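You will see two complexes here that share chain A, one where it goes with chain B and one where it goes with chain C.
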Partner chain A sequence: MNTIRFERRATSDARRSAAFRVLGAVAGILVAGLVLLITSRNPFTLLGDAFDANFGSQRGLEETAIYATPILLNGLAVALSLRMKIWNIGADGQFLMGAWAATGVGIHWAGPDPLVLLVMALVGAAAGAAWILIPALARAYWGVNEIITTLLLNFVALQLVLWATLGFWRDTKSAVVQSAPPVSANLPVFPGLDFLHIGFIAPLVLTAVLWWVFRSSTWGFEIDTIGGNPRAAAFAGINVPVRIVLVMLCTGAIAGLSGMIHLSGYAFRLNGGISTNYGLSGFIVAALAGGSFIGLLVGGLFIASMLHAGITLQAKGLSTYIILAIYGAILLGIAIGEVAARYRMVRERYDPATEAVR
Partner chain B sequence: MNAEAPGAQNAVEASGITKSFGGALALDGVDLTLAWGEVHALLGENGAGKTTLSNIIAGIYRADAGRVVVDGVEHQFRNPAQAIAAGIGMVHQHFRLVAPMSVAENLHLGSPQTPRLVTEKILVARARALMDELGLHVDPTAKIWQLSVGEQQRVEILRVLSRGARVLILDEPTAVLTAQEAHDLFGVMRQLVAAGRTVVFISHKLNEVLEVSDRITVLRGGRHVVTRDTAGATARGLARLMTGEERELDVTHRRIDGSAVLTLAGVSARNSRGLIALSQCDLVVRGGEIVGVAGVSGNGQTELAEVITGLRPLEGGTITVDGTDLTNASARQIAAAGVGHIPEDRIGVGMVSSAPVKDNAVLRHYRTDELSAGKQLKRTAVVRFAERLVAAARVQTRSVHTPAGQMSGGNQQRLVAHREALVGRRLLIAAHPTRGLDVLATQEVQSALIARRDDGAGVLLISDDLDEVLLMSDRIAVMYEGRIMGMFDRGDADRARIGLLMGGHAEEAFAP
Partner chain C sequence: MIDNAFLSIISVAIPASTVVVFSATGAMVTERVGVLNLGQEGLIGIGAVYAVIAATEWGVASPWLCLGIGVLAAAVLGAIFAVAVVIFRANQVLAGLAIALGGVGLANQLGTNRNGSLYPSKFTEESPFGLGGAGQIGEAFFRHYAIVYIAYLVVPAALWFLYFRTRHGMNVRAVGENPAAADAVGVNVLGMRLWYTILGAAISGCGGAYLVLTVTRSWSPDIARGRGWVALAVVIFAAWRPFRVVLGALLFGAMISLDFTAQARGWDLPFMGASDLAFLLSMLPYLVTLIAILTPAGLARLGLRTRGTIAPGGLAIPYFREER
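Right after this comes the complex of A and B.
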């Protein structure tokens, strides 16, 4: 008789962990395909369509990259705080406030484009940082749980945006309702491309910077130490509360910048729906990447391509609910893969004679 | 549920038990025979194989080779349930109780004998009956979290016995107990063997083993050294068998008139609950001497170490290191002045368990020119530094890249102690540095402190073990309720007077 036991592995291996996540995604796609088969659709055609939507044309690739930009930036914001074991659930709110503040600059000032964009970026980042200031201080000095404070501020940010777009910044000149007027300066498109704005560079550069910081700087070392054991960090002479505030402000600034880039590169005008859950998507990517910035880059591009493919499939008549269910299956597969990589199966043989003792 | 009258057979006969973990041999052909109605001590250093052997007998691990005979029948246990069915139960160092539930509920949790339909009343009545039968009492309605550690341990023992265990294995049961609780536990152990049961007492504390056991088996490095009657055994002889070598720490004490490294003047501070923990403390440590701080735990010793190392703000007074005023300086400034600190909670405060050994090795030095240039860490230098420290501290780890938490507790302690000795060029604060260590490791740490002193650094040794303070110190300070009650040169120190001062009896201590 055989039994199978799961045993926790003594060591973790980044490559094994990555491979299991890919396997998990594939398993999720298989499950989704099975569901599609049962509902008498052809999963192969749909998979082909999804693939074609992303990689079949230059336009598809560019659109995927446009979606990936805010997802990656918000994901980087969350991942940075996660290195300190702090959960910034408020990337959506900081994104909105970044877009909101950048709109304030962009609709009231029509200077030279580069200058306007630079000021918009600075103001957007500052607004994102300001939006997390109170949660950061409360967490660092009074131990207030940042998950709740950052989450709740998302709703406040959304109301502020709605108030502005329905009220004092409402565009009265055009037919677009519930929206602010377009900003005066837009991010330029990459030379030679049709849609993709240069804001796509931001997450790539930031990923590289953060990767370096956590690989070979004392700053990253200190943040990881705080994440591992705050008491040991204080013991080593690190000023823990100040670091918590600074890192949380950085994450807010990244999310705020993300809002500004999305506004000036793609949406062009502020409205209540400017963030279609980019904060949440970024959060999912960061959580699945488990603190790895390279993993985040791969995961962010993958989720963006899923979202983009979803829109194409919707156009082909697949219901939104089925698309959401497919996302869910794939993400769940990745999450299971991540955990499964930490265990191994042990097969045990034993003879019934010993069992009889029982 | 009286234990059955034992036959002529032994309770347990284990022979040729061999077990390895990932290539490391933990047990090498060990024999162990337990008679009915005895307290059998299993004695050995950390890593000698005591716990592994017990875990095999209790069905938690499976041996690679060897046989276990219980009451004349050979068994191959696959899990603890099978062992308990054969009458063998184990109480672990970490209790497996559900804190929000009552004692009666915990006793019945997961037990096959629990009736299907129960009320709180039935459970309490059944628990009372069990306690009366065994002569072991804990309030059955109390919640686990309301109980002291000693009482929780008693619940664990009751739980194991209620499953029908006739051989009870206690894994280092006194490690978590106060002296009084340990004494009560010994009473329980005697009571159990008087009823014909067998108790296995795992420990590395020689005095306890001599006090409570009938027979002793010594293990060393995974091998069986000897099994003998306790009568006639001496602590010194057993220590030699455990460590395999006779080493007596020889400390020469001295009087130093050199300049002060550390000066505390009128230092006061509050504890984490805002209560006064230190009041008006004056203390001087000179280079080349060990000053011992004697006192019962919780009389301000922890706070004393924390104010000196910059982890706790002062309410009043001044702290000077080598003539520089470091009152309320940051932990980093104080470390830079050459003050190292082996903290009381070495693993909870002194280490990041999830981080690799190398990061823990450089935790106090990563900002030095050797290890970083500006904000950039020199990654190869970090690895070299860590490898050097690991070699010097004789830390056993697969590599400096493995998480520190995967090393054994003794190795973690050695890593922290040696790292802090490097920081403490001028002054080393050692808070309970040998707590939880076995004989050999204790001597290692004590020799390291003496070596530091002989290099000219001052050492402030905080310990609640008066023997250790008397052995190590050149001068002794006694703390009671946040005050320094007295200061003695080693030569004038008198155990009785120090004991009185530790209890707060100042007048009697100084009466002629």
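Right after this comes the complex of A and C.
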């Protein structure tokens, strides 16, 4: 009698792991589609509509790229800390704080556009970094797990933005009651396009920079060493706590910058709904890419098109809620796929001799 | 009528915190067997939305049955998580976040078109031994729904007895602390992890069902509002002890109800109006929770507390017998 057995592999292979993560994500989407089918929505028509909404018109394409900008930046932020096995789940909060701080500059100062934008970007990035400072210090020096600390600050950031938009920065002149006044400087749109702002370049440049850092620089090597084995890194003379704090501040700054870019390029004014799960979407993308920055670009565009479809197709039975549920299915698929890659199927022929030994 | 400010906060905080009590207890039960379920937010949401569906759409008359349906729904979600992390040994952080996102998304979707539909609570307030009649203090502490007493007294007492007075409980703790050792003496590690993860999810879901059946009495999206994350922090703060978890949850529930009390009583500060103060107070529970998580580690760092962190030794680490 032959039996099939699953055997755990001794080593993990990056390429196989990536393939299984993608398989897991696809399986998650299929399960979600099945649920849609059961709840009497036709996933195939929805898929067709989604494709049409994203790629059927120039506007759809441009909007997808606009959504992709913060998602990719947040994804890069999460992926950067993931290289150190650190989970930054607070990208949403850092995004909001970046947008909040940039609003503070943009509504109070009407100088020359490039200068205002530069200051907004710096202040936004600084606010994002400041928002992760306490979790970073606590993780680096006290060993406090960063998952819950970064996440709790998301709620504080949201309350602060609501306070600003309903309270101290509320736009009293406009009919749009639940938001701050528009910022004085906006990011220019690409020449020849109607909506897509030049902020879309930022994630592409940053991907290239991070790819280079982790391929060729000592810094990247040190971070990967810490991610592999922090104790070994410490013995090798790397100051691990300082690296942890710096990397976490960088991730916060990137997420904060994404908030500033989204504000000045697309939203133009701060309100409580400025982030439609961009941080969480970035997290999914980073989990899917597993620390690979090039893979992140592809995954980010995919998730952005999904989010965009979810938002534009609300009338046709999709919603951001369904997208969130599908995110959950994808993430579970990724988590299982990651483990499945570590197993191999072994076909065993029944052999009384070995069976007796066992 | 309670006119003392402190007692009025207590009387609001006890029922309001019950959600956090259930969720933190559920998280603790799960973590005691070495499984970290970050999906509390989703479990609360699913428990809540199915209780609402049972009460409104299915016309279930008994509030206890509605509660049970919510608990069962959360247990199903918990079972999906348990299979993923215990049987497949998936990464617990990723799978937990998947449950949080998926649960909240699914609950919000199922709850669409049910927004704000108020319905009366069919639970009745109980006053054990007539204590509710003992003046304002009695009214603040002893005039609540029966399920509140279950959350604050019955469940933690049962868990305390289980963990610290029975052999089975000792095995449960061993599975969380050192699964390899537990396995070596014949404890079924994977079975224990599987069932206690499902039980923990059911307890957390009970918090959500309780919330909509008694406190809010209506559905609104994102019903958990971060309470699931606060609950996870409470477990750390309370060092995985049943009664400390309850006390910790009450403390943070009091923070959450503080802004209601402030608004209801029109409190303000010399430099700040009532509405600004309400915004400030709405941040407070999360900030205080953050400080609470940092406290044990900080104290240990300063040498004021010798034991340091007391997390179960096997927490969030998948168990592979072949790597023992």
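Keep this in mind: the second predicted complex is superposed on the first by the 267 of 358 C-alpha atoms of A that agree within 3 Å, B and C clash if a C-alpha of one lies under 4 Å from a C-alpha of the other, contacts with A are read in each partner's own complex, and residues count from 1 in each chain.
By our rule, a contact is a pair of C-beta atoms (placed from the backbone, for glycine too) under 8 Å apart; a residue touches a chain by one contact, two chains touch by 3 or more.
From a predicted model like this one, the values you see are computed outputs, not experimental measurements.
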Inquiry  = Just checking: does A:A53 make contact with chain B only, chain C only, both, or neither of them? Give me first, second, both or neither.
reply    = neither
- request: Check whether A:L257 is in contact with chain B, with chain C, with both or with neither, and answer first, second, both or neither.
  value: neither
Item to complete: In the overlay, answer first, second, both or neither for which of chain B and chain C A:Y321 touches.
Response: second
Would you check which partner chain A:I134 touches, where first means chain B only, second means chain C only, and both and neither mean what they say?
second
Per residue count on chain A, the busier partner among chain B and chain C is C
So in the superposed three-chain picture, is A:A286 touching just chain B, just chain C, both, or none of them (first/second/both/neither)? neither
- chain B versus chain C as contact partner of A:A329, first or second or both or neither: second
Report task. Figure out whether A:W163 sits in contact with chain B (first) or chain C (second), or with both, or with neither. Result -> second
Would you sort A:V247 into first (chain B), second (chain C), both or neither based on which partner it touches? neither
So the chain A residues that chain B and chain C both touch are none
Note: in the complex, chain B contacts chain A through residues 22, 75-76, 78, 81-82, 85-86, 310-311, 330-333, 335, 341, 343, 348-355, 359, 363-364, 366-367, 372, 375-377, 379, 402, 406
Within the complex, chain C is touched by chain A residues 8, 87, 89, 134, 138, 141-144, 147-149, 151-153, 155-156, 159-160, 162-163, 166-168, 280, 283, 287, 319, 321-332, 334-336, 338-340
In the complex, chain C touches chain A at residues 38, 42, 80, 84, 88-91, 93-95, 97-106, 108-109, 112, 221, 225-226, 229-230, 232-233, 236, 275-276, 279-280, 282-283, 286-287, 289-290, 293-294, 297-298, 300-301, 309, 320, 322-323
In their shared complex, chain B is touched by residues of chain A numbered 10-11, 215-219, 221, 224-225, 228-229, 231-239, 350, 354-355, 357-358
